[in-house]
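Shared chain: chain A. Partners: chain B in the first complex, chain C in the second.
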Partner chain A sequence: MALLDRHEWYDIARDTNWTPGYVSREELFPPELSDPYGIPVEEWETFDEPYKVSYREYVKIQREKDSSAYSVKAALSRSKFHDEAGEGWASVLKLHYGSVALTEYQACQFQARMVRFGPSPSMRNMATFGMLDELRHAQLQLFFPHELVHRDRQYDWAHEAAHTNNWAVVGGRHAFDDIMMCRDAITGTLMVSFAFETGLTNLQMIGLSTDAANVGDFTFANLITSIQSDEARHAQLGTPSIEIMVRNGRKKEAQQILDIAFWRMWRLFSITVGIPMDYYIPLEQRHLSFKEFMYEWVNRQYVRQVEDIGLERPWYWDEFLDDIENHHHCQQGGIWSWRPTVWWNPPGAVSPEERQWLEEKYPGWNASYGTYWDVITDNLLAGREEKTHPECLPIICNMCQIPISNRPGEPWKARVLQHEHEGRRYNFCTEPCRWIFTTDPDRYKDHESIVDRLYSGEIQPPTLDGVLAYMGIGVVSEGGHDGADYSWIEGFRAQAAE
Partner chain B sequence: MDNFPILSRFQHDCHVKVVDTQASDTIAELAAACAHQSVGVHVKDQPGKILRVRPTTDDDNAEPFSPDITVKDAGLAMYDCIDVYFTDPQS
Partner chain C sequence: MSDKERNNSVGPVLRAGEVAEAVLEALREDNPDKDFVIEDQVSYIRIETEGECVIRRETMSRAMGRPFAMAELEINLTSFSGRIETTDDQMRFYLQRTL
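Moving on, here comes the complex of A and B:
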């Protein structure tokens, strides 16, 4: 049978909508799951997705992508890459898979909500492909690390992380439950498709794929490219939704939605991307610092995109720029110091040469972060390894669930911002995290950070060992140790001997 | 459990740390407990200087507590933030 060209039938098919006869439209599309902003259905019917694809085309393309990803993996499965890559790159993979694999499955459920409750028929159509995309991403990113489990049990966190109360997982879960799992279809698409995917991850995947190719991990490079090509398509669900909101007098709400989500995702993104770029990727293979990447690929583009659709840059932009200089450096220090609490082996990665690179890329690094690592380096050189393990916990932000930290040394910027609500005191790392809480306290007020859980008696025994077991350490796998076996201090030992 | 957590913002440290204290501890003992978690771990010692403790405020200018009073007398409660900082013994 001859097939019509796509353009001859596409608009009719994807615009299929109907007037419900047995239930009201409000029952079919409850506002709390669909559109709480009261925008007329006729307006939603103007939703025009920029990327058009038919189901037949989708299946054909996806089959080719899958075939390519799996065949590259199969072809390289006997290579010695993982024997030779070193623990820095292994940390990139373990952090990535543990953080991302089942989050993709959550994203599949989120897209499914748009498929069912999206108020626009073309949005529902496009989200159907997005849902299938995310399912594929979850499958790929569960399957690929599974092959590595026999070599190192820490890769099993790809499957297990989401089922634990590891502090880093709690941070991711809090954020993604907020923006993805517990929002209506419209708010969710602004938060995920625009603020997160368009703003941050789509571009990051291009960088990550390049980094993977630079270190010779062509399996991972190919995998990420495969995922990114889906992301570039389904991320486009966000822009038409924002345009409709702005056109219908909901600019203020759209702005707030984006500002909440961009900050929430940024706090995680900086850790999962910034630390690998500036610390885990071997020095000779780094092509951009995280800061350079942010300025070149994210900042200008995000501002241009929000302004193009009639919104403004987030109110906290100056604080965001300052965070680019600091957040991931703080968390590299924290993650390394509390390394037994994570499922990868973070290298200190602050040898004399690496510190010189950090100073070049982040002027003032040595005078600030350098003082922190000086103490650690001195302890290691003097054989006091035990002093590199803090005996207490850092306080955790009640929004991003990340240790409250800031620039050390003379600047001494670490500071807790507090807020009282219904008799409970909440601790926040930054003004945006505190602000997000105040936008909807009922949404956030009952959550307890890992530190709150320790003092509320939920974690038993209330000791460091008890905390580790509660977080899945020693249960799923052993926790982390220095990924370079402290080899990065040898340059300082040599300097001291001269 | 008599212990409760105080948030230690120790001078020059990168992280704000949770330090257990109890109402009967003196401020000097609290300062020592905070120093144990920071000095020689993430912060260089400053020999010859002493530690003082003050409530954390926006402009960092609160009066320090007397080292001899107790945590209870200082009015410190769960999740109160304190600055712990080095100073000359004469100051």
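Moving on, here comes the complex of A and C:
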């Protein structure tokens, strides 16, 4: 039997925008869940998705993707790769799975909101595939680490992290609740489909695959690029939505939505991708620096796409460029110092050779971040390991929930930006984090950071063990230690001996 | 790097492998007046040209040596520069504004 070509029936099959008879359109699509911008339904009916797929094609293609991902895993699961890969790569995997796996279920719920409340029939159709995509991603990224749990309990965070109040999880939850779980379909699609999936996920799912292939983890390289091939399609929900907003006098709102979401996701990604790329991947297997990947995927590709739909780079662009040079270096120092609070084993990874690579990629690293690690290195060489653990609490940003830090050196640029609202003082790490709060204080004002919770008495007992248990450490698994057993100081010991 | 930020680059980013090689062959055949820049990043290949390019199903079928459905490209298409437009017979990458 001859089949019609897709384009001969596609529009009819997709166009399910019937006129409601028993309820009003307002009741069927409440603005707070659907479109709060008051754009007429006829405008939404012009939404034409640029990346089309039929259900028949979808099922066939997804089956092929899954069968490839699972068969590569099966073929390599008896290899000795994980015995030999080392703690640096294991930390990449633990951080990845712990921060991503259940977030994919949240993404699935978000796509489901577009399926139900998207004001355009094409959007609802396309989001149906997006919803199924995200379900696949969650299941893959729970199943793949599961076989590693028996060798190391820290891999269990793939499933458990989202159920804990670990500080890193609180940061991720705050950001994803903001852009994905608590937004109407239109604001959400600009934030998730465009700012997040067109922009930053490429770094974690494609950029990181280069390092995975170099390290020899073909299972992981194949897995994450398979996932991103879904994202490349369903991320295309964003472009027509933005164009319709711009055409209907909502350009200013669209710009603000992207600027909020991009900054929120950037702060997370500089940790979950930036630190692994520049510190955890063994030096000899690093392909490009995080900064080089950022310029490829964001500064060249994403920004060009933003400009092509009639919007602009974010107002905080200069601060963002500065952050590419700094934020993940700060957080590598912070996370390593507070290593007992995380579910992976972060290597210090600042041997003489590694420092030389960092200086090449980030000129000035030695004169700034190097001075921080000099003190730590000296303490370790002198056998004063206890002095490498901080004795006080960090100040946490009330937006990104990440410890506030900045470039060390003379002068050390650490500073806290404060803001008073309804009698409460809030701390912020940067101008964009403070700005996001001021765009909608009611949305953010009641949240308490981990440190706020300690001072307010929510965390009991308020001791180190109490805090760690509250964060899931010693409950799900043991916390972290230096992933290289301090072997990176040996080059300095040899230099000192000469 | 900064000189590349203002660009008019479009084109697919593909998982490295035989499909990526076929795509490159098809792109050269379907866009004879274009120059392509290829960045080999080990696990993926970025192929870019100026302004616009298309990949046609017929050309892909010839390059693969078997019938090829345009939707199959999705399996290996992890990202792209510029914008995309898909039909049964071709995939097109383009930009609306030229810088």
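Basically, the second predicted complex is superposed on the first by the 493 of 498 C-alpha atoms of A that agree within 3 Å, B and C clash if a C-alpha of one lies under 4 Å from a C-alpha of the other, contacts with A are read in each partner's own complex, and residues count from 1 in each chain.
Note that in this section a residue touches a chain if its C-beta (ideal position, glycine included) is under 8 Å from a C-beta of that chain, and two chains touch if they have at least 3 such contacts.
The model shown is predicted, which means the values in this text are computed figures rather than measured ones.
K.L.:
Determine, under the contact definition given at the top, whether A:Val53 touches first (chain B), second (chain C), both, or neither.
P.N.:
After superposing on A, A:Val53 lies in contact with chain C but is clear of chain B.
K.L.:
Examine A:Ser71 and indicate which partner it touches, taking first as chain B and second as chain C; both and neither are also allowed.
P.N.:
A:Ser71 sits against neither chain B nor chain C.
K.L.:
With the two complexes superposed on chain A, say which partner A:Thr439 touches: chain B (first), chain C (second), both, or neither.
P.N.:
The answer is neither, since A:Thr439 touches no partner chain.
K.L.:
One more residue to check, A:Gln228. First (chain B), second (chain C), both or neither?
P.N.:
In the superposed model, A:Gln228 contacts chain C only, not chain B.
K.L.:
So, A:Ser79: does it touch chain B (first), chain C (second), both, or neither?
P.N.:
In the superposition, A:Ser79 contacts neither chain B nor chain C.
K.L.:
Report for A:Gln236: first if it touches chain B alone, second if chain C alone, otherwise both or neither.
P.N.:
Only chain C; A:Gln236 stays clear of chain B.
K.L.:
Indicate the residue numbers of chain A shared between its chain B interface and its chain C interface, in ascending order.
P.N.:
Common to the two interfaces on chain A: nothing.
K.L.:
For a test of understanding, state which residues of chain A touch chain B in their complex under the given definition.
P.N.:
Chain A reaches chain B through residues 330, 333-334, 337, 369, 371-372, 374-376, 379, 387-388, 390-395, 403-410, 412, 414-416, 418, 425, 427, 451, 455, 462.
K.L.:
Touching residues of chain C toward chain A in the complex: what are they?
P.N.:
1, 4-5, 7-9, 13, 15, 39, 41-44, 46, 69, 71-72, 74-88, 95-97, 99
K.L.:
Taking the touch rule as given, give the residues of chain B at its contact with chain A in the complex, in rising order.
P.N.:
Touching chain A from chain B are residues 1, 4-5, 7, 9, 11-20, 36-37, 40-44, 56, 78-79, 81.
K.L.:
Can you list the chain A residues touching chain C in their complex?
P.N.:
5-7, 50-54, 57, 60-61, 64-65, 68, 202, 205-206, 209-210, 212-214, 221, 225, 228-229, 232-233, 236, 239, 287-288, 292, 295-297, 299-301, 303-305, 307-309
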